[in-house]
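Got some structures for you, see below.
Here come two complexes built around subunit A, the first alongside subunit B, the second alongside subunit C.
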Partner chain A sequence: MSLRDLTQALINGSLLGGVYGGVAMGLSLVLGVLRIVNLAHSAVLIFGALVYWELVNGLGLDPLLMIVPIAVGGYLLGLVVHRGLTQYLARESDSTVLLGFFGLMVVIESIAIMVWTTDTRTVNIGYLSQVLRFGDIGVPLARIVAAAITLAVLVALHLFLTRTLTGAAIRGMAENPDVATLVGIEVGTLSRRIFAVGIGLAAFGGTVLSLVQSFNPQEHVRWLAWAFLVVILGGLGSAMRTLLAGVFVGIFETVVGLLVPFQYTYLALYGLLAVALLVRNEGLGSVRLRTI
Partner chain B sequence: MSAETEPQATESVEDIALAGARATYRGRRLPSWVMPVIAVAILGGLGVLGLVTDMGMLTTLTTVLFYMVIAQGWNLLGGYGGYLNFGAAIFAGSGAYAAAWLANEWGWTMWQTFLPAGFAAVLVSLVLGYATLRLRSHYFAIFTIVFTFLAMVVVKNTPALGGSLGLYAFLDTDLDARGMALLFYYSLFGFAVLATLIAYLIEHSNFGYALRAISEDEPAAQVLGVKTVSVKLRALVIGAALGGIAGSVYAFQIGYIEPAGTFSLDLALDIVLVCVIGGLATWVGPLIGSVIVVVLEQWLRVFVPRMELFGLGVPAEANRLVLGILLIVFALFIRRGIVGLFVERRGRRITV
Partner chain C sequence: MTSPRTVAVAPELVLDAVTAGYFDHDIVLDGVSMRVTPGKVTAVLGPNGSGKSTSLRVMSGFLVPRQGKVTLGDEDITQLNPGERLARGVAVLPQGRSVFPQLTIDENLRLGAWQLRKDKARLEEAVEAMLDRYPTLRPIRNKPAGALSGGQARLLEFARTLILDPKVLLIDEPSVGLAPVLVDEVYEELGRLKDEGRTILLVDQNVQAAVAIADYVYTLAYGRNHLEGARDQFAGELDGLIKQWLSL
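On to the complex of A and B.
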């Protein structure tokens, strides 16, 4: 492994990792603030990617502009799901919530396969498909763009959560929903919007992911695993730590990919997940976890 | 210390606690013999039906028994313990692969592979359990999904297990097709009876009460002296052993296994549905549930291809769509399943 390879891997890995941060953010937000494990996260992600694929490849629309309607559509879908499912589960036990969301995952996945079959698809990225050269290091433009968009969204989310009054209210809710109600935060309305934003972020994650990877509705669980890994490493609800964890996973994956054959990078990543679970004894239940 | 009064006092406290537990879990609207009678009727009916039905029906009933064995095992941690496991395929799959591998490499016959298959599933469950059972239940749940995918990737990349090509598992006998089908049927029948017995005994033991205490309020159970991690791990291991054994019969019955089909979430969905429809944390629930789920799936398999929507055929995936919706409906409205509709829980959970 030469120095050039390593530099290339580090650059590509951190860009890919930035995208992973976007893939995981919705899961992290919903888990951190609402304490709901959204098992349907990756199904929504792939669903968003498939609709995006339909708009870009099918209708020939601009890949960058089309990220916006997908994210907004995800938000609206989130509102619908909240009305139909999540609000009834708000005060139920963990296992009831899990059953409901597992059912939702199956429903979304089935619809995706019914409409788009199980083919692996690649978004036609058009003018983004060139590779930029910096000396002897080549970086795909699509990767740079996807990482930059994710960075912008996560920074905006970070500023929203840390600098605005609504952000403070959300952090208060994450800390303790009952006390948040007592001090006059509208927990119900806020929960609905946060859930919708989480689903919107999942759909958004699908679009940026599809800029750098091909995808398949049958294997969406792979992205649930990746998002889960990022969430375990980064903790809950913090946009910046999610981004950092994503970058770490991206670099880890790319560098390990240099050392071992392709199919073993999976195993290395799962090993990392197992270590992360074992080291973080209470999982994400530590004190820092609930702070945004 | 007064030797006469002290033991008596302890005993009475225990009596009160046990009476409370019984009032909570055995409170009923129906007389106490109804559920055992239903269980005996289902198992007895299946025992007789195997001898008299045709081959097509026999295959369906074999699936019922297959689900029964796995679901009874799943229900221990998933139902009583409240730790949902969406990786039922992990244990059945490791059992199936262990059996197929032994049959290929060493020419073992089905009987000989039961123990090793169960053992393989137990080993896998220990790996899974040690990593996740100290965490809260929803991390366990999400990790079981991830682990199913991991198992698939591992097997796909292990040439010794056939890689993505899969493995054949032949049963070397001079039985005819019906004889073989009956052999698989009654093997699974035996294990279904055994699994039901285990579930019944556990439900009425301290181990079962400990599991239910964990599901109600884990920190409180821990404070009261329940060794939560070890109890959960034991429940997982027993369930895994049953799943692994069922998997070994499955491997020989189907004759050919490959990673994507073996380690899929479809089996997990079916098993979860069996327990949720029948009734979580009841020993009769999985019996009723597996009959209902298999009948429903057969009906959908016949019905869905005939259906038309806007003049177009409906893809087979619509089956799973219906199952997913059913799971949501049960999670929202019929949380305690069919058994729960008839058996009233008297004690109420008090939230402070």
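On to the complex of A and C.
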């Protein structure tokens, strides 16, 4: 492996990892604040990517501008799902919640396959398809743009959570919902909005991911594993830690891809997931103890 | 701490023949009634499991009774949630540690004043008033609340509870988990709140201290009203009462 290859891998991995941060953030927020393991996260992500593909490839709309309606649409879908499902599941046991969101995942995946089949799709990124050259190093513009947009969204979310009173209320709610209720925070309303933001972020993740990767409706579970890996490495609900964990995973994947044949890359990533769970000595059960 | 101030007298808070429980098949309170007189300290005493804390949960809006009602003055507040009751001047100081540990002291105070969030000037004023009232919190206001000692955390909880200047305080086991030296400070602070004219419902297992500060005392047993009367009636009977509870 030459220095040039390594540099190229680090740059590609960092940018790809930034996108992974965007892929995982919605899952992290919903898990960290509401303690809901949203198994439907990746199904929403792929659904968002498919609708995005339809708008960009089918209707010829601008790939950058179309990120906004997809994210907003995800938010609105989140409000509907909260009203129809999540608010009822909130009073149920953890296993019932898991089953409920597994069911939602199957429904979304089935609709996606019925509408778009199982074909692999690639978004026509148009003016973003050029590759910028820095000497020997080539960096796809789409990857830079996807990472930059994700960075902007995660920094904005971080500032919102850490610098505003509503952000403090969300963090307080994550720590102790009863005391949050006691000081007059409208926990029900805030929960609905946070869930909707989580779903909106999942749909947003689908758009930025589709700028850098091809995708199909059936492979969303792979992205669910990726998102969980980032959440476990980065901790719950923190936008900046999620971003850093995403970058780590991106670099790990790219550098490992240089060292071993492609088919072993996923194996290495799942190995990393297992190591992360073992080393941190905590799984999803830690949600009860760790908050944003 | 600064000198006492006075607050406008609140309406009477009444628990009227309340039956309540946490699950369909269980009854924790069975027809319990009590009156929290304006400007006075009303203590609720009783052995473990007698329904003291549950009666406070019903008064604060965390538990809706199956029968009976809760009134504040002329208003029926039975169905109001804790936030709506807080907006009417009824605040709760819960049992045990209730600070948000990962948030700073400043953020904890601001969340106490959440209902003022649309009026930034009043919110800042309220925070400053609490930092004046509890000056030991001021130099450490940017520290996480989880780093506070037990006594400091209790001060922060008092400050967060008082930041909206509530007329009625529902206080649950204020000295639980505190070192003995801090317990005295907590009851001193309760005395100060009483001097300010606030209406206080005090649920407590520290019988001696509660009766010493109370104007009127209710005792519960097995989720029902047991005894009630002015403090003087109870002061001489404490030993017998405690022995009776131990045998329940």
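The rule is simple: the second predicted complex is superposed on the first by the 284 of 292 C-alpha atoms of A that agree within 3 Å, B and C clash if a C-alpha of one lies under 4 Å from a C-alpha of the other, contacts with A are read in each partner's own complex, and residues count from 1 in each chain.
Here is the rule we go by: a residue touches a chain if its C-beta (ideal position, glycine included) is under 8 Å from a C-beta of that chain, and two chains touch if they have at least 3 such contacts.
If you're wondering where the values come from, they're calculated on a predicted model, not measured in any experiment.
K.L.:
What is the contact status of A:Val37 with respect to subunit B (first) and subunit C (second): first, second, both, or neither?
P.N.:
In the superposed model, A:Val37 contacts subunit B only, not subunit C.
K.L.:
Counting residues of subunit A touched by each partner, does subunit B or subunit C come out ahead?
P.N.:
B
K.L.:
Could you tell me if A:Gly138 is touching subunit B, subunit C, both of them or neither one (first, second, both, neither)?
P.N.:
Neither: A:Gly138 stays clear of subunit B and subunit C.
K.L.:
Quick one: is A:Leu165 in contact with subunit B, with subunit C, with both, or with neither? Answer first, second, both or neither.
P.N.:
Second partner only.
K.L.:
Using the superposition on chain A described above, determine whether A:Val179 touches subunit B (first), subunit C (second), both, or neither.
P.N.:
second
K.L.:
Regarding the shared-chain residue A:Ser110, is it in contact with subunit B (first), subunit C (second), both, or neither?
P.N.:
In the superposition, A:Ser110 touches subunit B alone.
K.L.:
Please give the residue numbers of subunit B that touch subunit A in the complex, ascending.
P.N.:
Touch list, subunit B to subunit A: 82-84, 86, 131-132, 134-139, 141-143, 145-146, 148-150, 153-154, 156-157, 215, 265, 269, 272, 276, 280, 314-315, 317-318, 320-321, 323-328, 330-332, 335.
K.L.:
Could you please specify the touching residues of subunit A with respect to subunit B in the complex?
P.N.:
37, 39, 85, 88-89, 93-100, 102-107, 109-111, 113-114, 219, 221-222, 224-225, 228, 263-264, 266-267, 270, 273-274, 277-278, 281-285
K.L.:
Which positions of subunit C touch subunit A when the two form their complex?
P.N.:
The touching residues are 60, 62, 81-83, 86-87, 92, 94, 98, 100-103, 107-108, 110-112, 114-115, 117, 160.
K.L.:
For the complex, give me every residue of subunit A touching subunit C.
P.N.:
Per the stated touch rule, the residues are 165-166, 168-169, 171-172, 175-176, 178-186, 291-292.
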